[in-house]
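Heads up, there are several structures right after this.
Each of the two complexes below includes chain A, the first together with chain B, the second together with chain C.
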Partner chain A sequence: MAALPRRIVKETQRLMQEPVPGISAVPDESNARYFHVIVTGPEDSPFEGGLFKLELFLPEDYPMSAPKVRFITRIYHPNIDRLGRICLDILKDKWSPALQIRTVLLSIQALLSAPNPDDPLANDVAELWKVNESEAIRNAKEWTRKYAMDN
Partner chain B sequence: MGNCLKRATTDDISLLRGSDSVRETSSDQLGPSPYQETLPIQAASPVYHPSPSVTRSVGQLTEEEQVKIAKRIGLIQHLPTGTYDGCKKARECVICMVEFIVGDTVRYLPCMHTYHKSCIDDWLMRSLTCPSCMEPVDAALLTSYETN
Partner chain C sequence: MDSEYQDADSDMDCSDIDIVDDDYYNDNDDNDMDQIDPLIRDPEYFVYDCLTEEQVERLLNEKVEQLSNYLRITPSLAKVLLHGHKWSVSEIVNKYRENASALLINSKIKPTSVVHLQGTSSKYINCPVCTVSQQCDKFCSLLCGHKFCRDCWTSHFEVQINQGISTGISCMARDCEVLAHEDFVLKHLTQSEMREKYQQFTFQDYVKSHPELRFCPGPNCSCVIKSPEVKAKRSVCEYCKTTFCFKCGMDYHAPTDCQVIRKWLTKCADDSETANYISAHTKDCPKCHICIEKNGGCNHMQCYKCKHDFCWMCLGDWKSHGSEYYECSRYKDNPNIAHESVHVQVNVSAREALKKYLHYYERWENHSKSLKLEVETIDKLRKRINQKVMAGLGTWIDWQYLFAAANLLAKCRYTLQYTYPYAYFMETGSRKQLFEYQQAQLEAEIENLSWKIERAETTDRGDLENQMDIAEKRRTTLLKDFLDV
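This part shows the complex of A and B:
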């Protein structure tokens, strides 16, 4: 195994020592670049009470390129598709090596509090979010209860 | 933003597949066969990033991208470098997260953010922006040329 860059070692240590409230990120036992992540649904959002599993992978040229992150738990959100892929600018063209695993996960948590149907990844969800927000929020709560609780 | 739909189809869905390829390359490095020494050209072929998420070998670059990269190299060379003397505010390079040690070669961006030269040059070859404040480095340079 190639030596793990100091930065990844440091980030992992800091994540363990000062965890982000509502977020847990644990490196895989066999691959220190692969993290098992759990994000709790933010308060006052349709995802409140849910525990959302994600996977995060640090590519070989991290931090020059962004971590790859995907929701494993199904979620009803206009910027997250049925495969769990996330539409978030800092994971694409707005990535900067000054960002970290911590800041990426905080941004994802913020995306749950502030869905952006004008920049959709899941078209049908975004459409409903725009034309009938209350029904979309009802669906999101239903999916949270169905897929993100008691499992 | 707004281009996620188009890109989504080319995204690698399985993150684990990425990890496999890392394992493969690292195990390759563990036991290099002596025959590999006869093929250094392929291994040493430089790779460029016309934009942060795009990786291309020299032969794959379009003419437009070659010009873009040549200009970028020129601009980077104009950015001042120095030696860390221990009295700057920044204690840690935010790119590698290693503390600056007196004598380290650093590069100063026009916004006054400082990084290890090797760390920031690696990034600037992908994007001419300051990682910390997102200030475009090229625009700042052009402005300073105009005022001089």
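This part shows the complex of A and C:
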């Protein structure tokens, strides 16, 4: 395998030295492009108190291509589907090589605070989020308790 | 459009091709008759040119040159403007006169706000993408001022081009929408195959953004059809002979319009299999009309919804069956009275809708198949003519009219095939009645023609040519009344 680009080395160092509050990202022992991520549910969101596991992979042409990120912990959210895939513009067409792992993870955390049911990935969740927000939030809290706590 | 522009700036010459087109369509003071006449005679009349890649490049370059001369900008930037404005020089020039800065910002040439140059005093800069620190002269930026090192620009472009993106590549900075123009991209592309790929993709984008140009949809054909009128008319590629609708690029579909034919084809693709299955394997419950699929051998059915007992064969009530079970396998003039009562029902059941669809679909399919068979007909004709000529019955030239007849037959059948989707989506009313009347007339004449061609030895040439004329008249009459493009 080719040597790790300087950019990835620097990003990893900085993630370790100055971690983002509420987010931990640790590279895998055997693959420096694969990160084990834990995002804490933001305060005042239905995900508060939960610890959400994600996986993040830097593809060969990173940072020219976006990192691949996926939720491993199940989560009830209109922009995240059953397989944990995330609908977020900066992971797709709005990706810029100037963005970093930390900015991506911050955006994901922000997505938990501000779900966007108008641009859904999980259709049934988005539907409920639009017609009956309080019930959707109840479900999200329930799932957070069930899947994202005490693990 | 171009002519307005020419008035304003007489020093700018339009290309020859443009002038021809402009004269043809915009000057309505003289020779009016010549222009209107063909359309009255032939509702499918359509003017277009078939251009090679080189001809298209020349045509586009002329526009680029016009604009870059006028605005005193590089051809590379002119291309960005033209691509974003449907290649209308006049529109760009008008916008430029109104508000040059807004034009450049909206076209993503200039940023909404320019980045202030950071620490220009330092000789070394840190590239935000690869984090490597290098000398200033190793860095480049677009008009937005976001500086990145050359290597990063190169890999950015390569990744984008490999995804098929060319005219839409933007600056690497976050949320910066400024587009990388051709010169800037080519300057950073080191591999010749990448440059070729890039130029090929931009060319495709340019043609697609040009309202008067269409790529020929024929396989491996690189021709471009040009017409000043964007209409759903028949265009035929001169090189590969592919026939298609100029507006939507699908198979030519008069009298049906582009949207309707798309709806129809999608419906056929989605529904045909299901529809055929439903029609072949299910029946409606005679009492509650729910759709039932038979899943066992026994013909004594009980509807799972209303619990009605009936016979699968005749749809009659099972109670009256009893020992006379085999009654229903006997042919009767009016075998299923139960069936009749279904039809009387006013509510249009799902099966009614299905029946309607299948009615049109079967005819559409049938004509499509007939059309394919016409190829064989022509082969047979050729053999028959050979025999005739050998037997001393006329010369090869004498029999040529049969080919003309076969070609006309194919043309008529083609139009007839495309009348079915049109009728399917038509609302019931007097117009639909008229349409279906004309459709039936056309169909009858086509069958007559087909019959006469296949038996040409027994009919004389005059009769056949008369029949050709009638069929073609029916076809054009229908198109004149219903082709609305």
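Everything below uses one rule, namely that the second predicted complex is superposed on the first by the 151 of 151 C-alpha atoms of A that agree within 3 Å, B and C clash if a C-alpha of one lies under 4 Å from a C-alpha of the other, contacts with A are read in each partner's own complex, and residues count from 1 in each chain.
Definition applied: contacts are C-beta pairs under 8 Å (C-beta built on N, C-alpha and C of every residue); 3 or more make two chains touch, one makes a residue touch a chain.
Computed from a predicted model, the values in this text were never measured in an experiment.
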{"item": "Chain C versus chain B on the shared chain A, clash or fit after superposition", "value": "clash"}
{"item": "Partner chain(s) touched by A:Lys10 [first = chain B, second = chain C, both, neither]", "value": "both"}
{"item": "Partner chain in contact with A:Ala98 - chain B first, chain C second, else both or neither", "value": "both"}
{"item": "First, second, both or neither for A:Met64, with chain B first and chain C second", "value": "both"}
{"item": "Chain B versus chain C as contact partner of A:Glu55, first or second or both or neither", "value": "first"}
{"item": "Which partner reaches more residues of chain A (counting touched residues only), chain B or chain C", "value": "B"}
{"item": "First (chain B), second (chain C), both or neither touched by A:Pro42", "value": "neither"}
{"item": "Chain B versus chain C as contact partner of A:Cys87, first or second or both or neither", "value": "first"}
{"item": "Contact residues common to both interfaces of chain A (with chain B and with chain C)", "value": "5-7, 10, 63-65, 96-98"}
{"item": "Complex contacts: residues of chain C adjacent to chain A", "value": "128-132, 146, 148, 152, 155-156, 158-160, 172-176"}
{"item": "Touch list for chain A against partner chain C, complex", "value": "5-7, 10, 61, 63-65, 94, 96-99, 103"}
{"item": "For the chain A and chain B complex, residues of the former touching the latter", "value": "1-2, 5-7, 10-11, 31, 33-34, 55-57, 59-60, 63-66, 68-70, 79, 81, 83, 85, 87, 89, 92-93, 95-98, 119-121, 123"}
{"item": "Chain A partner contacts - residues on chain B that touch it in the complex", "value": "1-5, 7-8, 11-13, 15-16, 18-19, 22-23, 25-27, 29-30, 49, 51-53, 94-98, 119, 122-123, 126, 129, 131-132, 134"}
